[in-house]
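Each of the next two complexes has chain A plus one other chain: chain B in the first, chain C in the second.
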Partner chain A sequence: MAEATIPTFMRGKEKIMSLSDAVKTFIKPGTCICPGGFSYTKKPFALAREVIRQDIKDLFVTMNGGASICEFWAAAGLVKLLDTTYIGLEGIQPVAYSVRRSIQDGTIDVEDYSNYGYGLRTVAGRYGWPFAPLMSEFGTSFMDHDTFGKMGLRGKKADGSWIHPSIAPARAAVIEDPFDGWGLRPHAFEGGDGTSNKTNFLEQVRESTAYTGNKGVKVILVPPILPEVTIVLAQRVGELGTTRIEGILGPDAEQAISAKNCIVQTEKVVTEEELRAQPYSNNIAMQYVDAIVEVPYGGFPGQVPYYYDYDWDFWRSYTQINRKDKAEVNAYIKDWVMEDEWTFLSTRPGDGYPTITGTSGLERLFELRADAIYGYKPGLARPL
Partner chain B sequence: MAVIRATDPKDWTHVDDTEYEAYCKERGIDPEKYTTMELLCIAAARQTYDYSFIFAGTGLPMIGCMMAQHTYAPNALIIMEAGILDPKLIEVPISVSEARGGYMCSTLSNMADTFGTFAQRGFCTFGMLGGAECDKYGNLNSTAMGGYYSKSARDDGKTGPTVRFAGSGGANNIASYADVGLAMMVQEKRRFPEVNEYITSVTGSRGPLGTEEDRYHKGLFRGAGTTIVSDLCIFRSSPETGELEMAEIYPGVDEQLVRENVSWELKTAKDFQPFTTPTHEEIKIARMVCDPNRIYLGRKTKRDLAAEK
Partner chain C sequence: MERKRMRARITEEDLRLSEHVEPKEAMETWQKIIAAAWDMTIVAVAYNDMRVPLRRVPETLETLGKEVPTVKEEKTLDIIEEEIKTGIRHFSDIVEKAQASKEEMERILRSTWNQRVKIKT
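What follows is the complex of A and B.
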């Protein structure tokens, strides 16, 4: 240890930054970035919009949990590589159109995992494990397709360094279970088996020679995710970085902790004491947070549980717009984000699409506020 | 597998007839005439069973699992992959992660935890999915058609797949772990090939049962057959061969139409029966309890749109 410097993650209140500084500091062209949240819930849209404003290109997006942010980035032409499980917008648009079109026309190269496969990669990333064990994906095309491998992005360069620091040397590996399926349920205890599961074909599986050529129970190993930056939305963050997520966690804590750097977008920066009074409810330890950006309502047009609901009418309108000509969608999205977040939030809600009440700007945002008991806005008009 | 089902409508969620009539009048919909989406939702609910753990994927299963809880499976527990166990669904969710889906659930955790704590441990007893393409042995493709690879990874000069779908999401995992699977999908010949070019999820036997190609010989240790609920009929895996067979056919649907819309020589199941027309009680519950906004039920299939013309 030659020179003593204070690590960035210990720099206390210096972590609190403006939206534009946080993005400028941590996200560069080509960065491997992992957006948090899930579909319409707790997506850090303010950070996503700032990436569009700064026009940061060639992004390598690694994600599970819905494609809403990736959809905006693909529309803006910022995504080059995608490591994912799902590119849909769930109940509103089965396949996010800009992402779909970019994969079909050769703009984006994509690698696929299943959600549990990817989820285990985030667990391995969180705990610093070399891999995690997966018992599904057997028998599928995941087992013999590897986009990044075919692109030559896996493995090491001549100088011994990884070709890409965020791409594992193999997509997955199969081993024989050294414990012969002992840990799997149903499992015969003296009093019964301890699961609700009704089917058990372990004996057939023990006879199988698939993948290794030898008989026995097989296990798939998946590598950790090691993104350069994770962006996440949390309702509250302490001024040193202690993070509290309310409502569904989705992949957020694992992805945040797996990354080299993590930017937390929050509804409110609070004192550390406020959160440390109930430390068992906090999700991300302070040292994993490198930047804190306070943007109330910055999760618009998504939902932030207990704070506000999604803007259904926006998504209905957007999913018509994103099917237009590619250049037109690109121009739309770049115009939609406006010059800064404050102008955006006071202008864009309710702007350019019909809503039942006809409100816009901040008034529209207030209208979407969630009920404290339900966590969403009961009776929110959701016309098809 | 012997199962319990609440078949007496007296045990179902009650909907007042007067309110129902007013609702239909206001919406301009026929109180007795069901739509294709309503039929899919009701048909799926009839396959579920009580006291099961229904692991529901996104899309139509959101309303399928809700329908099940208000009718045939009042004590079934719903699992949603973003971290939800046993929620009380008051409004239909549009995402497996949204706050509507998490209301009053027993625990709310994260994705890896849901698949680990519940599915891997054996609490995914009924898997309910949507799909884009389904083959003879119940394999679903929800990833891509026309070659999987994107541009830089392919060598046929094409820029990417002809059609890219959403990808697995949790479908692969739900299919791998569920005791019984169910997929709801629209039936067109091109969507029911003999063999899928890409297998995203193994809901059925994968290949002929008892051969090297079946799901167990590939390493999956759970799962005994699947039901595919299409907009024409219901297919079920043969317990002997694993092949999908026609098990029930909807009222007014010609058998020939079903056969024309699959790419293999379709067999009829031994226990084949006509599908009982959706009842007044079922339609009422689907509309007023599950999806009064008609977020899912108001949608139309290509076949619906063609029939309208």
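What follows is the complex of A and C.
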């Protein structure tokens, strides 16, 4: 059998790659890339750093749940398009400054959905649905904006191919609910609404002629996400790609399965036998995983539940740095990633920013170790 | 052919109707049996998930043990010590609870034997 015809899930241990090879193989200039994790938690930062080292530009970043990776890429000047929900660094910097500045100066063109709307798009991507229905965007200006549409990135070319394979021909569509709101609360059982919802808002919605000109219940349809590459951080991965995520799952499984290719960054590669003891606890099946990269502590400066907590002091310091001149931030981030990951991990943690203990390198990383019972480090100081 | 053989395995003569009997055991007894059986099952299922990594721990510890004499810095020894102490704390807890459970199981086995003898006599 020719190598090219071997299905992904049968490729076996060939999937285990170096950080550098995985990024080189799957991520190119312009790639539509979807980082997993949520906020500071379980973000594949080692892969993100390698993208910066390889200086892969013009990325189309699509993501739910926090901008920590996108912030670094934006600081490094690598992002061109952004399809997202929320660009904050949580309480420490409610709007990630490099992302914000790049949007404001026109370097990044952004399309945004609600967290819920985007979440449904990932569910649609996972199950191969042509779209997902929701109503939560009604009453907002959601339908009035379409950045990618204005840029001419939607639809087909003259030869019938998609203008951008990862951008849907429409941002969203409104239809009349063919089930007349039957599936909504208050529902149709005799005796009326048995739920806590006593607004009877549905009856008002039935009278509205908004969006279609006709009376009746309307539904917004949003397209699935179809990234070229999803990057995920999991605590354990089997040698063939079976992936076990512990702690908050976030959008990882949906985003991984939606993608053409998936790279899993892991704390530890283990035998498949280990993960098959409880197959129902695994989150991504091996056939969806194209590359496995083992990088213990590779989630730094983020948190990996049960293994290590995030480096609050780093983020506190970084959110001062990223407000400096754009060129200065760009130079900082490119220097910060260093030449390879082990050099980075043994040097950068605790380096150049104040910490309570004054430790650095791997010593600092071990200081961030989580309590395996709680999943995080209870004594971690988080001064604002 | 296969289907016929399958059918032939159990004949009408093999099937018996159970006689209706009034329950003799107290419902509370059954509930306590179920509660204990379920708890032991929950642990057995959880153990199944840690069976392989648990087998690996002595190997990785042995490798670390061989590395200790080569350590140059006291700070590194601090880290090793901390990790091992944490490990001992968790594993001691596992061993302690597992030991207590096993002792209780053995006590119940003896107790069921005594009760069996009592019922027969």
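Brief remarks follow.
Heads up, the rule we're going with is that the second predicted complex is superposed on the first by the 367 of 384 C-alpha atoms of A that agree within 3 Å, B and C clash if a C-alpha of one lies under 4 Å from a C-alpha of the other, contacts with A are read in each partner's own complex, and residues count from 1 in each chain.
Just so we're on the same page, contacts are C-beta pairs under 8 Å (C-beta built on N, C-alpha and C of every residue); 3 or more make two chains touch, one makes a residue touch a chain.
Quick caveat: nothing in here was measured; it's all calculated off a predicted structure.
Upon superposition of the two complexes on chain A, no clash is found between chain B and chain C, which fit side by side. Shared-chain residue A:S281: touches chain C; no touch with chain B.
Comparing chain B with chain C, more residues of chain A are touched by B.
When the two complexes are overlaid on their common chain A, residue A:T271 makes contact with chain C while staying clear of chain B. By the touch criterion defined above, A:T243 reaches neither chain B nor chain C. By the touch criterion defined above, A:S360 reaches neither chain B nor chain C. In the superposed pair of complexes, A:T62 makes contact with neither chain B nor chain C.
Look at A:T31: by the touch rule set out above, it reaches neither chain B nor chain C. Nearest C-alpha atoms belonging to chain B and chain C sit 18 Å apart in the superposition, given in whole angstrom. Across the superposed pair, chain B and chain C touch chain A at no common residue. Here chain B touches chain A in the complex through residues 1, 53, 58-59, 62, 81-84, 90-91, 93-100, 102-103, 108-112, 115-116, 119-125, 143, 148-154, 159-173, 175-177, 179, 198-202, 206, 212, 215-224, 293-296, 298-299, going by the rule given at the top. Within the complex formed with chain C, the residues of chain A that make contact are 270-271, 273-274, 277-278, 281, 362-363, 366, 369, 372-373. Considering their complex, residues 45, 48-49, 51-53, 75-76, 79, 82-83, 86, 90 of chain C touch chain A. Put simply, chain A touches chain B in their complex at residues 38-41, 64-66, 84-88, 90-92, 94-96, 99-100, 103-106, 108-110, 112-117, 119-120, 122-123, 135-142, 145, 147-148, 150-151, 181, 184-186, 195-202, 204-205, 207-208, 210-211, 217-218, 247-254, 303, 305-306, 309-310, 370, 374-376, 378-379, 381-384.
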